[in-house]
Structure formats: C-alpha cells, structure tokens
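One structure follows; several queries about it will come next.
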Amino acid sequence: MFSHNKKLLHEVKVDQANPAYASMLQEQLGGGNGELKAGLQYFAQSFRIQDPEIKDLFLDIAAEEFSHAEMVAQTINMLNGHEMTNTKDNVGQIEGQVLGGLSPMLANASGSPFTGNFVNVTGDIAADILSNIAAEQRAKVVYEYLHRQIDDQGVRDTIDFLLNREEAHNALFREALNKVQNNQRSSNDDFGVTEDSKLYFDLSTPGKYFDNPNPTAPSFESPRQKQETTPVQ
Amino acid sequence: MFSHNKKLLHEVKVDQANPAYASMLQEQLGGGNGELKAGLQYFAQSFRIQDPEIKDLFLDIAAEEFSHAEMVAQTINMLNGHEMTNTKDNVGQIEGQVLGGLSPMLANASGSPFTGNFVNVTGDIAADILSNIAAEQRAKVVYEYLHRQIDDQGVRDTIDFLLNREEAHNALFREALNKVQNNQRSSNDDFGVTEDSKLYFDLSTPGKYFDNPNPTAPSFESPRQKQETTPVQ
Amino acid sequence: MFSHNKKLLHEVKVDQANPAYASMLQEQLGGGNGELKAGLQYFAQSFRIQDPEIKDLFLDIAAEEFSHAEMVAQTINMLNGHEMTNTKDNVGQIEGQVLGGLSPMLANASGSPFTGNFVNVTGDIAADILSNIAAEQRAKVVYEYLHRQIDDQGVRDTIDFLLNREEAHNALFREALNKVQNNQRSSNDDFGVTEDSKLYFDLSTPGKYFDNPNPTAPSFESPRQKQETTPVQ
Amino acid sequence: MFSHNKKLLHEVKVDQANPAYASMLQEQLGGGNGELKAGLQYFAQSFRIQDPEIKDLFLDIAAEEFSHAEMVAQTINMLNGHEMTNTKDNVGQIEGQVLGGLSPMLANASGSPFTGNFVNVTGDIAADILSNIAAEQRAKVVYEYLHRQIDDQGVRDTIDFLLNREEAHNALFREALNKVQNNQRSSNDDFGVTEDSKLYFDLSTPGKYFDNPNPTAPSFESPRQKQETTPVQ
Amino acid sequence: MFSHNKKLLHEVKVDQANPAYASMLQEQLGGGNGELKAGLQYFAQSFRIQDPEIKDLFLDIAAEEFSHAEMVAQTINMLNGHEMTNTKDNVGQIEGQVLGGLSPMLANASGSPFTGNFVNVTGDIAADILSNIAAEQRAKVVYEYLHRQIDDQGVRDTIDFLLNREEAHNALFREALNKVQNNQRSSNDDFGVTEDSKLYFDLSTPGKYFDNPNPTAPSFESPRQKQETTPVQ
Amino acid sequence: MFSHNKKLLHEVKVDQANPAYASMLQEQLGGGNGELKAGLQYFAQSFRIQDPEIKDLFLDIAAEEFSHAEMVAQTINMLNGHEMTNTKDNVGQIEGQVLGGLSPMLANASGSPFTGNFVNVTGDIAADILSNIAAEQRAKVVYEYLHRQIDDQGVRDTIDFLLNREEAHNALFREALNKVQNNQRSSNDDFGVTEDSKLYFDLSTPGKYFDNPNPTAPSFESPRQKQETTPVQ
C-alpha cells in the first residue's frame, strides 16, 4: 500500500525556464533508464520474493524511485515555464507543447512512450538483482550526460542528488547479491558445469584477446568490505 | 514523495491457483484500463494543477490506484501458483510462465506491454477530469467482465472491492468537475460559440435520429445532490 | 460500407509552407487525441450497438472524423511544401522529411506511430460514450494549443472549424448518454451499492478537501435543455 | 470526404459462434497485412499524388478496404457470440473477451495493437505502388491461411470474396505501375547506373546460384495484356 | 552461422561531424525501410524456404544488409563526433545524445524504436519476394531523400554505394520471382479465378479511370532479358 | 562485415512437431531476453568502443548470438511442423500460424513484436558490460523455464547448449569488466563521493534490514581466479 506526501523527497529548483532542457530531462521520467522504469521494475520484482530482507530493500528503493520520478517531473514542469511557443531552440519531443499543455509526459526525450518493455522481471533473484545493478549504473550514466548538456545550476543540483542516490542503490543491490549467494535457490546454481560453458568462439576476425572462460556464478566484491579496507591503502 | 506499507490496502485471497485466471487478471495490472494506467494518469496530471483541492484529490486517488495495482499483482501472483507447466487450459499471455517465472507482468491479458500511450494528460483541468471519469467507468466495465469469467470466490471478492472503489472515484471526479466549472480557465470556456458547432452532418445512411446540437460546456448533475434527493422520490 | 468524395468536407488552405507547423499538426492526424483515433474509435465501438439511434450517431461522427483526418492531412501536405531541406527551424518528428517525401505520416508530432492503444472500446454503451465525450474534449484542447502556436491564418481557420465540430460531437454524445440512461443495460446499473463505494481514502498528505462520495451513475445535464434556458438568464 | 452506408459492401454470415475463430480473424482487422492497414496505407499515400488517374485508383481501393475492415469486424462480432466465457478452446488474443465485451478489437490475432508502423508511405509513386502490390499479395496469403484453419462455411465465403478482391487490387496496382513507368519522375529513374549495382556479393556459403544482376527499373508484364493473350495459347 | 570481419564491406568516411545529419541517417539504421529491417526480413524469411537457390540468395543478401547496417552505424558514429552538446541545429531524435553517449541507436530519425512490426514474413515465396522488391525500392527512395538533405561528400559517397546495392538486390529478387513462377506452390497459383476478382468498385467520386482488371499472377519482365535487349534500341 | 555459413553453429533437432512448444520458444527468438536482443545489443554497443580487446569480445559474442538466433529459429521451424491447424493445445502467440505460414516470427511467446526498446546501449563501457552480464543471466533463466516446460529431448539438448553458452559469455563479460576497471574513463569513476550516496531511505514499512551503503564502483571477483582457487577448497 502506497501513501503520498506532498513534500518532495528532496527540493528541486530551476534557474530559468528552458523547454529544450525540459525535453532532455524527459529521458529520466519516461525513458528506458528513467525513474519510472526503475520504480516499476523493483516493485514488480518484489512480489515473488520470499526473503524479507531482500523484499524490504526492493520496496524501499521502489518507493524512492517513484519519489525521484516526482522530482524529475516537477523539474520538467518548471523548465517548461508558462509560454506555449513554437520555440526555435527546441529539440526532441514536443508532445509536452502540443499535447500536454506543458505537462511532463510519460515519454522519453524523443517522445517515444514509456513501455513495459523497459522493465526486466524474471522471478529469479540473482538475475533480478543483476538487472537492477545494471539499471542503476545506466541511470547514473544518463544523469552524467544530462549534467553535461543542461547548463542550469538548479537542475544540476537535482541531477547531482539523483545520480548519487543511484550509486547508493547500486551498492545496496550488490550487497543483496552477496547475501543471497548461498541461501537461495537461483540461477547462480550450477554455473559452468558442462564443457560448452568453457569454450571461446572466435567469430569476429581479426583479434583473439580472451581465453576460454572458467564460468562461476557472478558475485561482487562486497562494496562494504572494500570501503572499509580502502583507507588502509 | 511516496512511502510504502507492506500491509495491502485491502486483503486479497484466492480459492486456488489458476494460471488462466491469472492471465485474465493481467488486464487490470498492465492493460489499457488497468490500475497502473489509472495511477500514473492521475499522478502525471497532478503536476500542473494549481487548485489545492483538485491536486489533493488527484494524488489521493493516484496513491490508491498504485495500491490497487499491488492488490491485483498479488492476486495474479497467487493465481499463478508454484508449478511452471505447459498447462493446456492457459489462455492469452504466457509471459508470466516463460519469461517471468510466474511473476505478475507489466502487460495486459494478451501479453501486450503496458505503454504510456494509455495515459491521457492534456494539462487542461476539464479535459483531464472528463478523461478520468471515462477511465473509471471503463475500469468498472473490465472488472464486470472479469467477474463473469473468473469463477473463484476469493478473486471475486477482490474484484468487487476494486469495482466499488472505481465507482467512488468516478463520483469524486464528477464532483471535482462541478467545482472547477466556474473558477478555472479551461477548455470549458467558450463552448458552442460559432455556427459550425451547431450543425449535424448526416454522413451515415440510412438514419437521422439526432438534431443539430446546442453545445454547452459539459457538466454533471452533482452525484452528491442527486443522492440527497433520491430518498425523496 | 464507405464511399469517398474528392471534395473535402470543408476547404483547407495555408498562408505559406512551414515544415515546423506541419510537424505540430501531425499530432491531430496520428496522435492520441487526433482525428484518426476518433474515427476509428467510434467505428470500432459501433459494431455491438443494438440501439439504431446510437449506432447511427456513432457512424455519422466516425465518417466525419475520417473526413477531418483528410483535412488535417491535406493541410500538413501543403505546409510541408516542395522543398526537402535540412531546415533549422524544424521541431519534433522528421519522418515526413526523411521517410515520407513530405507526405503526411500516421504518427504524432514527435514521430511516435499511431497505435490501436489510443482507441478505447469496451462494448459497454455508457463507458464508450463517456470515453467519447472525454476524447472530444481532449481533441478541442489540442486544437487550442495548436492554434496558439501556429501563426498562419489559413491553418487557424481550419483549426477553428475542427475545434467547433468537436464541440458539436461532444454535445451530441452527452445527449446520447442521457438517452441510454434508462433504456439500456450498461455499467450505469447498480452504481454505489456497497459501502466500499462510499469511502474516501486520504492517501496524500497534507490535505483533505473532499468528503465521502455518494456515487450515482454518471449523467449530464442535458446540453439541449441548458441551451434553451440560457437565454432566460 | 467519406460517407458511410449501413449496408455492407458484401453480406457476411457465420454458421455458428466460435471465439477461437474470432481471434484468428482479428489478424485481418488489426494485423500487419489486414484491411485497416491497407485502407490507411492507400489513403495516406494518396495525398501527394498529382496524376488524377492514380489518385482516383488509390482512393477507390482505400474506400473499399475500409469497407472490407467493416465486413471482417462484423464477422468477428458474430463469431464472438453472446457468451463471455473462459472458454478452453480459445487461442491467441483474449482482449475481445476481457477488455472489449466481445467487440472486435484494433489488434492482431495475438492481441498486439494495430500500429502506424504497418503502413508504408514514401511519397514516391513507384515505391508506393510496389508496396501496395506486395501488401495485396500478403493479404491474399493470410486469407488462404485463415481459410484452411476456419472450418465455417459462412466465414469461408466471406474470406473467398475478400481474397478475390485483393487479387483484383493487385492487378490494378500493377497496371498503375505500368502507366507511371514513363510519365512520372520517380525512383524508377536512373536504375542500375553505377557498377556497384551490378555486383553480386556471395556472403552466405556454400552456394552461388545467382549471377551479377543487370538492374533495370521494375515493371510488370501487363496483367491485362497477358490475360488477353492467354486464350491464344 | 554468422561470422564477422572487422573490415567494413565498404569504407565509410565523413567530411565533418554533424549531429543533425547523424539523426537523419538513423532512419536507415533503425527505421522502417532501414538496413536492419532488410537484413532481419530476409533472414527470417529464409527458414522455411526449400529451394536451395532462393534460400542462398536470401541469405547472401541478409548478410550484406547486416553489413550495410554496420556501415550506416559507423557513419552515424562519426557524424555524432565527440562533443555532447545541447546543439541548436539538432533535429529529430536526440536519444543518441542523452541516452546513448553519441552511440548509434536502434531507432529511426525521430527516435521511434526499431520494431519487428517492420518485418514482413508470410512463409509464402511469392509474397515474400514481392515484399522484398518493394522494400528495396523504398530503401532506395529513403537514400535519395537523405542524399538531398545531407550535404557532406563523404556521407554522400556511402549513400551512393548503398543505394546502388539496393538496386542490385531489387533486380535479383525480381529474377528470383521469375524463377519460382512455375516450379513452386505459392500464392501465385489460382489467380483471378472467380468473378469477384474481375470487378472494379468505383467508391471515390468523381473519377473512373481504370477498367475491370483481368488478374493474373504477378510476374516481372526479366531485368536480365530487358538489359540484354536495351543496347539494341 | 558479416558472412554466413549454412552450417548451424551447433546442430538442432526435435523429437516431434509441437506448435505449443514452438510458441514458447519464440520467447528466445524475439523476446526481451532473447538471442536477437543479445546479438543486436552487443553489436550496437561495439561502435564506440576504443579498446581493441573489448571491441573484439563484443563482436565475437554478437556474431555468436546471431548464430544462436538462427538455431532457435530453426528449432521453432521444426516444432511448427507442416500442418496449419486450429490446434486446441496452442498457447500464446499464434502469428506463426495465421500470419507466418508456420515461420518463426520476430516476436515473443505472446506475440508481442521484437523492439529496439529491449536493447541497452549507453556508450559507457562499465554500464554496457554490466547490462550484458545481467542480460546473459536473464537469458539463462528463461532457458531454465523453457527446459522445465518443453518435454522434448531434442529441444532440451539445444536449450542445454545455449544455456551453457550464456554462462560462458557471462563469465567473459565479468572478466572484461575487471580489465577496464582501471584503464578506462567510465561511470565507475568517482563512485560514492557525496554524502547522498551513503544514505539509506527506509520508505517501505515495516522492515529495516540494510544499513547505509558504502558505495564503491562495481567490480566482480574474477571468475577465472575463483575457478583456479576452487579446487584447493
């Protein structure tokens, strides 16, 4: 059960209206690595999870991602300003101008609609966590791109906050993967059993830089442990 | 900002697992009149609303619809059971079986993915409320169809609850339309001004049953008022 | 059975070619509230309607919306002009330039393709009419946005005509809803029967402006009646 | 401008209701080679055509395809019958059952929605006519498949009629291609000019059955001429 | 089984970076008439082909189209340059900038994602070859449009090469159609048998330029034969 | 540049035709974790990679995934058999039956078309490799589900081979991530710098099992190293 508080998770502001920036930021509202995708992915994955620790983590982060989506949408809203103009400096999607009356749209920066195809749910705990780690890393990357292109200090502060939160989630999901490594029946079982999993097929020429692999189930060096030992170096 | 409580808005149960019923119920999770669509529509519409009463109503209902989506997903989850089988009585989408490991999917009953195209946002308060009234009515209709086809008392109780909540929302949105009728600049202004709006074009023959219209801005008989006077009759 | 007359329903013209305006106008050809969506929606809804009056109304308006789509497409065609250029003032979709040889496309202003997901068909007369009323209101809103952004008198005259026609349809659909209120088995039956339909869930805080609803089936004040009494005021 | 007549282009009937057949037939209403696709394709292509003969042909056939769509939809409607049941013999899409109240849907046999991506418009007369010839041939093929699977004489009669009409259109489009061969600036100009157009790249091994091509602009043996000479043989 | 060579099928170069040109060229990477569509279409069609000559042709061309896709993608890559900027001269899709870090995307010029809906597979040899002829002609047309709009000699050389290759494929597919004309059970059998296939429905008025057709199965004048006789003229 | 060999990468066979199994297997041809998605993802990611070792790895695996897609398609082809029937035991997509003439389709098990939205490309080497590790794990999971449901020894042998190859790729991508950890400017730089990245937001109640994270850039325990030390244990 969800409840909503009209206070944002973290205050947003913009220096001035800029519809082109609004278009770009749409990518993190309705795009493939955006906040809505993240929130819905963790929410949808949570249903079949038995382990209460992992389930709680997924739902904590899902609720936070919905709250991020709200921050992004509110920023787009302010960037769209109050003038509906056939502005020459616009780029990408213009649905917000001609369809939405300057509203944030559930679409990406080019106006392609949000789709459930963005959301990865397998019902397998190892695969789902790996999907989430990758999703958080991609979300960080998109925020880095937007940071470079959006020259507005208010928006950049918000991007900075959100980017750092994705890093926190990334580390938490890696910790979760380590937790389920041994106590959970998952696709990490029985890795690298047959000979087929140990072959390298050299199908692009020239070039042969990698050897035959020795497959093991994926596990991360613990971010927590690493952090603790880093000061020593 | 959203927060989540692991208690469902309303308890769900199923009499027994039934993957065919799970497939059907997907319609109200990821389909065009489903709970996710409703929640995201009211959430997305809320951003540019100035009137605090209307904004609060939209966000109250948005949070409830997300909570409904959770109930529907949890019911699908239970209906999918524990056996991954090439069951002969399956109908419609099989993504939950072959892709999702029996997880609820963000897709409709035929497996077509949820899409932002389902969500109507115009930034115009009258048009948005009318869209919501229609959406609630359609959601009721789909629950009626599912009620007829799903012969499981546990699921029917949940459908019954959700159907009645859509009726509550429907009435509330109509009340909201009446509230904004006079105090809000919207597409309800200047209705039926030119002669073109008063013509009837009889383009399908035979048959001519309607006269030229006398367009006025849409407004509902107040559900509240109607209710109060009904006992008198 | 459809037939076609090469005369447009209403003459269109443009002051001068302007590909950016053409892109914007695509919204009403292939977009979510566009003419193609409207025509196909009423056409698809008409198949199961028994009442000859309602069926005739739906098909009259469907044929008119297809004729509107033709007007919009012809206007886009003229706005695209004769020069295929990498014009700097372009916005939104560029499919008409690089794919369609300046042809009108079945896509919206951002180039996202028309989809059957825009079309609402439930087979329930009350829900379908409510969907249509909402669709007509949204179409009006998009035309208002386009009118503000497209500074070309020829196009504005066409927008003005089409906008007024949507108002006519809107009023007619409301009249139709009143007609079926009593003589038709529909989702308007049994509204507000259980206690669940009478509760207000206050899930977004702060704010509690609406009371518990008293749900009744939706019905409009008759536009015709209202019109007749308006002069009295 | 379109007008509609409630009489179908050609009467349809079904021996008895069969929702599985209804699902299959959806392919020709909302699918990639279906009637709606055909009608919208020729309609959308017609806008930039200058030659009045070709334009007339495209619009004659567009109007007929819309009329075919109506016949297919009416047949689906009858096949869906009156019982909303969780029928075990259903296959493919179930949107008509759970979403549409037994209405025909704008989706294909698997429930994937109709999309503008099905529609080919290039603004080039030679390419557009070739697209149409191919589309008519594919439509014939799908009707052949449906004929084999749908064991209902009433439906088969309708399929037979529609299949033969696609052949008529196919021949007419080929005649149109021959007509524009010389009098029209199109992509048929300057075919096979450079050496690159005369090379064969043998990239799949083993096997080399085709020689280097000698490209010329595509033109058909005239179906009319061929027909006339056939009796002579 | 596919193998890859890091040498391109044909060298590509650009005079200078130009993100707007990159956006346009996306049309032939991820668009409806693009190289990926062509390669996947011929690949998918090849599976049920029995005739070894035709199967070889389809796979030769499929492998070449994948190699074309690589050339187009590499050109987009160079046109995107090294600067991620909120460039004012951008048009169409901006996913490459905000999502892909200047990578080529699997989307068209407006940012609409590649979709399997672009790919025509019927399992009927005549229909599939006709689809391919039409697809090659459309691909040529899009390259003509891009040639006109992209004023960069390096890119134009690549477009010129690719355009000529489409012509070669076009001629080869027509030769293939002639080859299967008699030795293959296909939709070309039994063309124009019933009277319904010989009628002309004059549904768009005014205008009646075409007579009743005399349908025969489609066959092309042999490009090879035509070429051989052309010098004589 | 791609070339093709008609020999499959690995022989496929089926015990007997079974259209329901064919439908299920479609998931790994045209679905979100399927072979086509994998091949296109690595291919599209490879364009901006500078490091020749990583680029070679991506293209080796891309070519292999296309070869896997061919194996899956050929298996579907054999499972579809030779009879086009309205088989009662069918599940999921029926496009192969009514549209494709028993051909493999570029769609998933429910008939939803393949889409570029499945493909993750960010132009950032760390994010792209993490996406690939997750994709390989998900592909393994889907093969596990299919193995359980498809009771045909021939198909199971193919699934077994493909599943093991995904494990090999998974291990290789992890090795690649370790290689680029230090010698590459990527999103792994500057991980966990600000305080925001070290906070835990407890937004789902009850439950608080995870502490504040100590974010570091993701890196895997080397699969190779792990393998070598495993025998010691």
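Going in written order, the chains are labelled A, B, C, D, E and F, and every chain counts its residues from 1.
Just so it is clear, contacts are C-beta pairs under 8 Å (C-beta built on N, C-alpha and C of every residue); 3 or more make two chains touch, one makes a residue touch a chain.
If you want to know which protein each chain is, UniProt gives these names: A, B, C, D, E, F = Mn-containing catalase.
The shown structure was predicted, so the numbers you read here are calculated from the model rather than taken from an experiment.
Looking at chain A (Mn-containing catalase) and chain B (Mn-containing catalase), the chains in contact with each of them are C, F.
Ranking A-E and C-D by contacting C-beta pairs places C-D first. With centres defined by CA atoms alone, the chain at the far end from chain D (Mn-containing catalase) is A.
Over half of the residue numbers at the chain D (Mn-containing catalase)-chain E (Mn-containing catalase) interface are used by both copies of the sequence. Taking the mean of C-alpha positions as each chain's centre, the chain lying farthest from the centre of chain E (Mn-containing catalase) is B. Just one of A-F, A-B or B-C has an interface built like that of E-F, with over half of its contact pairs in common by residue number: A-B.
Spacing of chain B (Mn-containing catalase) relative to chain F (Mn-containing catalase), judged by their CA centroids, is 35 angstrom.
For the pair chain C (Mn-containing catalase) and chain F (Mn-containing catalase), the distance between C-alpha centroids works out to 42 Å.
Within chain A (Mn-containing catalase), contacts with two or more other chains are made by residues 2-6, 9, 32-33, 56, 59-60, 62-63, 67, 88, 92-93, 99, 101, 107, 110-113, 115, 117, 122-124, 141-142, 203-204, 207. An unclassified topology is adopted by the chain contact network, corresponding to no line, ring, star or complete arrangement.
Working note: touching chain pairs come out as A-B, A-C, A-E, A-F, B-C, B-D, B-F, C-D, C-E, D-E, D-F, E-F.
Contact residues of chain C (Mn-containing catalase) toward chain D (Mn-containing catalase) in the complex are 1-9, 30, 36, 40, 43-45, 47-48, 56, 59-60, 62-63, 66-67, 70, 73-74, 77, 99-107, 113-117, 119, 121-124.
If you check the complex, the residues on chain B (Mn-containing catalase) that touch chain C (Mn-containing catalase) are 9, 32-33, 52-53, 55-57, 59-60, 62-64, 67, 112, 115, 117-118, 120, 122-124, 126-127, 130-131, 133-134, 137-138, 140-142, 144, 160-161, 164-165, 167-168, 170-172, 174-176, 187, 191-194, 196-204, 207-210, 212-216, 218-221, 223-224, 226-228, 230.
Of all residues in chain F (Mn-containing catalase), only 20-21, 23-24, 27, 31-33, 88-89, 91-93, 108-112, 141-142, 145-146, 148-151, 203-207 touch chain B (Mn-containing catalase) in the complex they form.
Of all residues in chain F (Mn-containing catalase), only 2-6, 84-88, 90-95, 97-99, 101, 107, 110-113 touch chain D (Mn-containing catalase) in the complex they form.
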